[in-house]
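The following pair of complexes shares a single chain, subunit A, combined with subunit B in the former and subunit C in the latter.
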Partner chain A sequence: MSDIAGRTNVVIAPRVPRVLRRLLQHRAFVIGFSIVMLLTLAAVLTPLVSSADPTAMKVRLRFRPPSSAFWFGTDQFGRDVFIRVLYGARVSLFVGFAVCVVSGLCSAALGVIAAQFRRLDGPIMRLMDALMSFPAILLALGIAAALGPSVSSVVAALSVAYIPAGVRIVRAAGLTVREMDYVKSAQISGASSLRIITRHILPNCFSPLLVHLTFIFAYAMLAEAALSFLGVGIQPPIASWGNIIAEGRDYATEAWWIMLFPGIAISLAALSLNLLGDAFGDLLDPRLKGGE
Partner chain B sequence: MNQPLLSIRNLTVEFHTDSGWIQAIDDVSLDVGEGECVGIVGESGSGKSVTALSILRLHDPVTTRLPSGAIDYRGTDLLRARGSALRKIRGREIAMIFQDPMSSLNPVLTIADQISETLRRHQGLDGATARKRVVELLSLVRIPDASRRADDYPHRLSGGMRQRVMIAMAIACRPRLLIADEPTTALDVTVQAQVLDLLRELRRELGMSVILITHDLGVIAEFAERVAVMYAGRVVEQAPVGALFRQPVHPYTRGLIDAVPGLDSEARRLTMIPGRIPGPQEMIPGCRFGPRCAWVQEDCRKAPPPMQPVSDRQSARCPPRVAALDVCDA
Partner chain C sequence: MIRIIVVKLLQAVPVILIISILAFLLLSLLPGDPAVIIAGDQASPAAIARVRQQLGLDRPYLEQVAIWLSNLAHGNFGSSLILNQSVLSAVGERLPVTLSLAALSLSFTIPVGIFLGSLAAYYRRTWIDSAVMAIALLGVSVPAFWIAILGIVLFSVKLGWVPSSGFVPPSQGIGLWFSSIVLPALILSLFKIGFLARMTRAAMLEVLNQDYVRTARAKGMSEWQTVGKHALRNALILIITAAGILVSASIGGSVIIEQVFALPGIGRMVVQAILARDYPLVQGTMLILGFSFVLINLLADVLYAWADPRVRHE
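Now for the complex of A and B:
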């Protein structure tokens, strides 16, 4: 163990400031990262600092437009839309993050297996093609409907829907990397297949996947909104950005604020994650190509 | 010569392509003695690298087949060795360096990480000892400021430096045989000379055998003791390096040597070999050099010519020329 700690120090210490400096100089990264952090903090801290209940109804205060008392107005049950949007962030961001992790892990594993074990390439990729032939949202809709509405079934459905694209990306990168001399060189030095995969192939496929996942994060939030909107996602009274909009739809002409604010939240989150994705794309490539 | 360290016997390698199985090398036999440096020279596509990669069995098993041949390394047939036995030989007994220093180091790992990987695997060193050894190795391959350089990522090094790192990796476990696949091709001429000097010194210090693959006759003349000339997948001539340059037997070898510009004579147009090397999918029934050869005879076009001894250490795959020499000698 001690040597791992020692090595990590040696490797990381001179690198971190350089990477950090580059990150901070990248405007898209700074903006994207700030918004994401802001939303995350809001989602995490709200229940800790406030006792406001997102499901508390005040029947006499229905359909109040935005004001100093209710920043985002109130909905058809007199619930505070601002509080619901904050609580909705918890669900939406969790779904986005969980989908990223699940589909990221699965696509990394499947993609590398397809690239490395050529006999499995055909079967895996044909299965992915089959999944890809459905529109992602339709596939997710079917799976979510089959599993029954809950947060975990939304995550499962969306993960499955987004795995094929990730697998393709990792496989493509893996096919390039496996032909590199350093992989041959590792084979020559007697490394096992598992070691070659974990140490040489996966780390070099990581940057395209990471960029892809930031987009998946944004897509997953939007798709969760769509699924909730269609009624197979997260069910009321739990607030997610998607089902706040779905519930507000009936009153769109009288109470526009119910739909507007969660809509803005979704756009903002998607925008910031896309900025992050672009920034990762910029920042990871030149480092690998060499030079500052 | 006593028992050779490595002995390739009648090796044929075929690859699967869209147009069926094609022969990459045909009936290659080659011995490497203990401590000896054997050069393999030939054009692109002549099968030099395929031969080298076969020794370590690095071809994709799905698309490769070996209809005949054996590679004996100190009593083990490498072509039939099982996975774990093979992994013990790879890296510890036989190591290899590649042509392109840009792609032969993993960009996401530091140099120390990459070199110490082999040390930990084969010699079971712990982190601190391995690191000390890495710095020693880097100094051994003349990398200045080795202890600081060890923590650099490959993109911070120049091509020549990377090639040195590759060499350090290859010799980390003191292999008995080093296969160098065009180790200097991608480098500047001055750096080439430095890398060759380094290889020569290391060879002497460690007593390694070396198989040097190159298309550069100058490198061969300077470095190798014995040479195998390959053409279109076959070894056409084998000789000690002196004999090869003094008395090339095979017309192809002669053509190669004539095509080297000289420094002594006044400027002349370089002699060319007419035509081009046939692709592996082109089936030429007899001698594959036949269509380009000035000495070609009817028999040459019928069947592949056999390897015939010229002297006790030189042999060539060209019956007409070998016969002509015999007449001269007699």
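Now for the complex of A and C:
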């Protein structure tokens, strides 16, 4: 018993800090992670520490430019743009995260099934090909419009739109693992499909899927903003970065601050997630590393 | 080569069938009775019945699917409820706008993206690499509709260089056409340039490490010939796989860009159809776009096999 415990210590203990150290030395990771954390904290804490209401209208204070009282100015109804952008972060980050979870789980399940049960591979992949034939934003637009504008239908629409790419990635990783000698010998020695999937295929699909989902997080936030901008996503008065820009659009020339700041917020969030995705890609898949 | 084309064609058949059924199912996603939703809240029972009959919703479900598929097989993609026009002619009318937008945008994207990506790969780990990758990262992170509004404010309202909205067909003068579409096309390119530059860099890095590049250098080939001919040509093969995504991003992006610039293209039509609950028009247009995308991917696959003997002889 003590022998096993001792060995685990030797094998695992130095590994965890090493991964952590490599992450902390990776500039893209540190920058990306800090911004994502900052935005998440802002999104979670704002309603807890501040009683400011993102929908409170003060007609007297319409179109105030940015100042020390209103950091991002006020909009056409006298609402505080800074508070609205913070509340918009809640919606955007929630949608991005939920899409990652839903599409990640579905892609993992479908991809593993396609890789392990060869007879289902054809039908599943043809269905994915068909879904991929619609540009993601158009597919999401169609589904969101049919389901009606709400946060949950945006999440559902974007998840469906991003599942096919995830399935392809998991399936490709799964197929590679399946051909490995140790998996074949597990199969020969009588391991069940379930055991092969849970012990061998799923763990090996994790890194490529994680890298992919980090980018999907960014894409989903951009797509949510676009859907809300077009009017089929999150509806006012709920503040979302996309619909704040849509509302501020008519005043873009005179009251530029209404649409400028939410746009910077989306860009910053997407940028930091893309940086995180790059960092995960570098660290988890050395082949993708920039140069030798 | 012919075998590959035949195999790809055969694979496309079930995909096209599934696309058709998916587009059909879109209507069943609607909460409640599609006829009531399409006719509107205030419609009389007679109007609702008319919509129901017009769309064949009063027939058994499987019969609806059969009719839908047989219509498609006869080239009938349905009719718009608001435009008083068949979907095919509505799409055909707006195709030149979307196509010229996509074509102009791709003509910016492909040279710039490949050039930037190669530059970054060649000067990897220098400030040039960092600068190019920072630009590429911005390209894939900044929302196009936001940049579009900023672009209109700057270039149309403040500087007055280009009109802020509307489309001028090339028949009324190439210059007018170009100025009506250059800003939307440029903005539509930003994401794609970022994407392509990142992809090209990765492909070039892989190729620049290959033995044949070292051999070319060792035998005294000029740097330009080594990189330009040997490396880039092989990297291009990897880049062909991006063609599908570039086309998809062009169509998807045009949905938003056309809306911002009020360009009367297919994307704007779909958005308006969705907002007006003209679901037959949405279904039909998505089908046509889906079919064309399958064709383009087929072409890319064949091109890929043609350009890379290893794929051909797999």
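A few comments on the model shown:
One rule holds in what follows: the second predicted complex is superposed on the first by the 270 of 292 C-alpha atoms of A that agree within 3 Å, B and C clash if a C-alpha of one lies under 4 Å from a C-alpha of the other, contacts with A are read in each partner's own complex, and residues count from 1 in each chain.
Simple rule for what comes next: a contact is a pair of C-beta atoms (placed from the backbone, for glycine too) under 8 Å apart; a residue touches a chain by one contact, two chains touch by 3 or more.
Keep in mind that what you see is a predicted model, and the values were worked out from it rather than measured.
Set against each other, subunit B and subunit C differ in how many residues of subunit A they touch, and the higher count belongs to C. In the superposition on chain A, A:K184 makes contact with subunit B only, while subunit C stays out of contact range. After overlaying the two complexes on the shared chain, residue contacts for A:A252 are found with subunit C alone; subunit B is out of touch.
Of the two partner chains placed by the overlay, only subunit C lies in contact with A:L141; subunit B stays clear of it. In the overlay built on the shared chain, the residue A:I238 is in contact with neither subunit B nor subunit C. Within the superposed three-chain model, A:P203 lies in touch with subunit B and out of touch with subunit C [touch as defined at top].
Looking at the shared chain after the overlay, A:A98 reaches neither subunit B nor subunit C.
Using the contact criterion defined above for the overlaid structures, shared-chain residue A:R119 touches subunit B, although it does not reach subunit C. Taken together, the two structures place residues 288, 290-291 of subunit A in contact with subunit B in one case and with subunit C in the other. Within the complex formed with subunit A, the subunit C residues making contact are 11, 14-16, 18-19, 22, 26-27, 29-31, 124-125, 129, 137-138, 140-147, 149-150, 152-153, 157-158, 201-202, 205, 209, 248-249, 251-253, 255-256, 259, 270-271, 274-275, 279, 282, 286, 289-291, 293-294, 297.
On the side of subunit A, the complex with subunit C involves touching residues 126-127, 129-139, 141-143, 145-148, 218, 222, 225-226, 229-232, 242, 245, 249, 252-253, 256, 259-260, 262-263, 266-267, 270-271, 274-275, 278, 288, 290-292.
Interface of subunit B with subunit A (complex): residues 56, 58, 60, 62, 87-92, 94-96, 98-100, 103-110, 112-114, 117-118, 121-122, 126-128, 131, 151, 154-156, 166, 169. Against subunit B, the residues of subunit A that register as touching in their complex are 2-4, 6-7, 10-11, 14, 118-119, 180-182, 184-192, 199-200, 203-204, 206, 287-291.
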